[in-house]
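Residue numbering begins at 1 within each chain, and the chains themselves are lettered A, B, C, D and E in the order written.
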């Protein structure tokens, strides 16, 4: 584990990752609700918001857009990922070597592990290589820990999420990204299971401001170190307002109510 | 992404690739309509036309013929490809290492990715290696992005082509070659999906001059950066006339009508 | 084989390994009986007991917790392991390279071999790489030799356990960890089969103090060099008392009776 | 492509390869008609005939016998091959690295590619490695291009043989060895398809002198650069006489009739 | 091929290998008839007999026992092997790298090839790596050539054994170990098929002194260079007497009768 307090992707022990790999993982369909979100430029602009501690993208996006933002945005390079054109057993191609990620200026690398997939063993070995090379380059390691496969009917069950965070700790992730397990108690258990490593919850599909902020508040109270969010920010008309609110909840310990009130006041002041 | 304005395979932001890998991919049958096209010499001669920014061939063709043309033609070495003697799930052998491509004088490397194939993960990882090595050698990277496989009934559907160009962007291609998705609107969407990376349309099987030029005009208007063409040039009696016309449409913004008129005038002048 | 008398994980020819890889191999369910055992800190504290010659953990646990204990605890880094989210043929991912284990300060590496599994050949070849690299780094090599697979109905049968210890000897382990084969005679045979290499018995699931100590006494009398124990220590209210007793049985040749009496006296003295 | 005029395995643009890999590919059964042919010594003796530009053998034969013949015989090391004890899908093991071939003094390397086999992709990638390494060592590259597999009912059909020679050209062979496609027209087409690279016909099973020489004459007239022959030379009582005749047909442009007459005269003179 | 006359594992052109890999290949069951044979020490003691030109063991046995015998015994390190806990298609794990074998002081490496197995191609490629690395280290190469698999109903048929010795020659073994093909004529054919490389017969399961020596005599007369023997020596009460007799038959050209007479005389003299 890195001394994460030194990592630029962590601020005051907290993390807010703007995840933007939908173009690879889900394809154009994910941009349909708000077509301008297909433009990576817009996402990097959003990522300059103070609340965002890193933007997570694939190699090609980083190559084309990051050079203009390297002073203002921290880069979390997602090193694997696969299109959903493919229908086979859960797996993910390693699309970027960690050495190349470092060359691109990455502060951290991201890696999806599908525990429970028939490709789990192979993916864990690929994770090993990425993780150890990231250590060489002083990049933090973030695991997208998403158990999937035949034996797993429900991939947000509390014991599955707790196993997912434990995989992050045991295999050497600094931060493990998991789905919200449904209750604060389950989230607390999942965070305890991760020991000294950090847990961030995954933003999931779009919800209302209040609903979303309350889930984040509950996760933070339960011990999560923050959030990795994509559509719940990009697909809003005003991502800045939501990021203002998230900043209060994640970094300042505000409740969802307080954060909503304060951002509404700010909006009224404009 | 390379600063493509510096790459010899791009002129004024536009690209015209003469693709000549049919001998490997389709075999002798593709040369039957015009038998002399089996001779690579003829293709390199055609490629000396000013309109052509690169010729795309397999390693063996480059080894045997490129030394005589290296001053006049830019080389796009196609690094993978497979015969159609083989009937299995879509896959492609890596026939040339990027280092060897650079030794042969290549300005760019080409790579076919069959998104949706059961070999997608493996091919994406091979692409990673080729792409990163190409960066080391300052060669541009062109992806032949051809989704195929069980789940894909129609491989020119607009959303499939838009996914194909997005794969190029996300995985780190500088230029992505796709089939024409059937309408200018669909082509525009596919180009937007590619962000800062470039899109070229694939020439496809032989069409009439007018029909072909109109499709190219429509693609350029929709944001495409050019064309990768094989049979539609080789199989003509007078490839030069068509290349003259393509030059006007692609590099000078002429309409198909204008280009046809101007080349007919030129022919009358002879 | 290393001159094991020089290895810090062996004391007076004997070994007591505290094994703590349940979080990866079995998941959160193994911590349910005593929830605080999910905290690796607690295990490292227990491992400072004089009786413990090494603690066996996965890479991530070592990264996060070992730096505070490297003066007081010897590290046996378990280099492979897999979650039980996965239901396939017995296999295990290599999660830590031996070089990285050495960087983390490991005194020894551990490796699970499932003899009889359809992955036996592949695992044996992975073992080769770990074993030879461990020799380079002067780390001892401990094999978790657990025959499994279609052909094996009973994996604690005497001839299976004797084959398991022989695999350790033939393939180059210094110490082989096996399940108790059910009788002192069988254990004696298994130890003889290991030749000059050492055999430690696996602690298994939780038993009563007396029952457990008697099995250990019997194994030691039969020629075993010690014990690798997890739940039978962690899940007790007072691990220290049991470790005191184990120290007497393993390192001082006491009987289970003597060790129990002496630790009860010590408890009464407090 | 190498400047083949500099290669010792080519004389005046022509090639006569003595192929002796039957011991591996077919086993002892191939030596039954003439048992003394099992002795490699005899083959190397035959290969000292002026007509022979190279002998093609596996690594072990080269190691044991070539040192005594390196001044008199050019070595074409066959780098892959497999026994027919095995009944699976067409494949071939790489038995010699190109670097080792160079150490043994090889002037060229040989490689079998089964286009159309389910192993085509893998074999083509192995060919890539051998081909590129051969370039480093200035060794010529000879492909045994033998399309096989489910989709191929007839492996000497003209279009199959033309595809086979094209594979040689596209993938980077200097010389491609194919079966005779049945007619001079088909052979001519196959040679044209190979462009600047050379084509040699495979000798096949034993035929009469006249029949065999006529086929060779026809192949040479059709543009073939020569012959790779095994049983048709070894299994004769007087290989020298046939080699004399082949020399006239291949290197001196004689007809089969002329060559037969001239060798009969020579025999009468003895 | 090495100049084998320089190799310590050959004396006067003859070879007697004491093979002791039963512990891995067959497991404890092979030691049941004579339990003390499970102790490798005993085998190394026997191997100090003058008649023995090398002892063949797996890596772990060499690591633990060879240091005390390196002045008196030549080491043939068996680099692959697999337990019979596993029931799958014939295959064998590479358990020792040739470089590590050299570090252990090996004079030669051994490798099992199952020609005809579905793993033949993969095993032949592993053999290539071991063979070429052995050349670098000046170690002789011994192939255990054991055709097996679906297509092979009888693995001691003369033509199978002749194919087996030919595989040794073609692939680059110095010495090939095969089963006795049932008759002196068949053995003679198998030895001729091996050309300049040497053939040793495999000792097989335990037979009477006379029966065994007569088979050896017959093999030597047929051209074999010696014997690789395990159980037929270890499982005797007096291995020395049999080795005395074998020495006469193998190195001094005695008949089985002469050797038996002479060792009986020696016994009477004691």
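Quick note on the criterion: a residue touches a chain if its C-beta (ideal position, glycine included) is under 8 Å from a C-beta of that chain, and two chains touch if they have at least 3 such contacts.
If you're wondering where the values come from, they're calculated on a predicted model, not measured in any experiment.
S.K.: Indicate the lowest number of steps between chain C and chain E, counting one step per move to a touching chain.
M.R.: Each step joins two touching chains, and the minimum needed here is 1.
S.K.: Note down the smallest number of touching-chain steps it takes to go from chain B to chain C.
M.R.: Between chain B and chain C, the shortest chain-hopping route counts 2.
S.K.: Please compute the angle of the rotation superposing chain A on chain C (C-alpha atoms), rounded to a multiple of 5 degrees.
M.R.: So the copies are related by a turn of 70 degrees.
S.K.: Between chain B and chain D, what's the gap in Å when you average each chain's C-alpha atoms?
M.R.: The computed centroid separation for chain B versus chain D comes out at 36 Å.
S.K.: Chain B to chain E: how many Å between their CA centres?
M.R.: Measuring from centre to centre gives 59 Å for this pair.
S.K.: By the touch definition, the chains form a closed loop. What is the full order round it when you set off from chain C toward chain E?
M.R.: Ring order, starting at chain C and heading to chain E first: C, E, D, B, A.
S.K.: Under the stated contact criterion, what part of chain D meets chain B in this complex?
M.R.: Touching chain B: residues 1, 115-118, 120-122, 124-125, 127-128, 131-132, 135, 147, 149-152, 159-160, 162-163, 166-173, 189, 192-193, 195-197 of chain D.
S.K.: Applying the document's contact rule, which stretches of chain A touch chain B when the two form their complex?
M.R.: Interface residues on chain A, with respect to chain B: 21, 23-24, 27-29, 31, 38-41, 58-61, 63-65, 81-83, 85-88, 91-97, 100.
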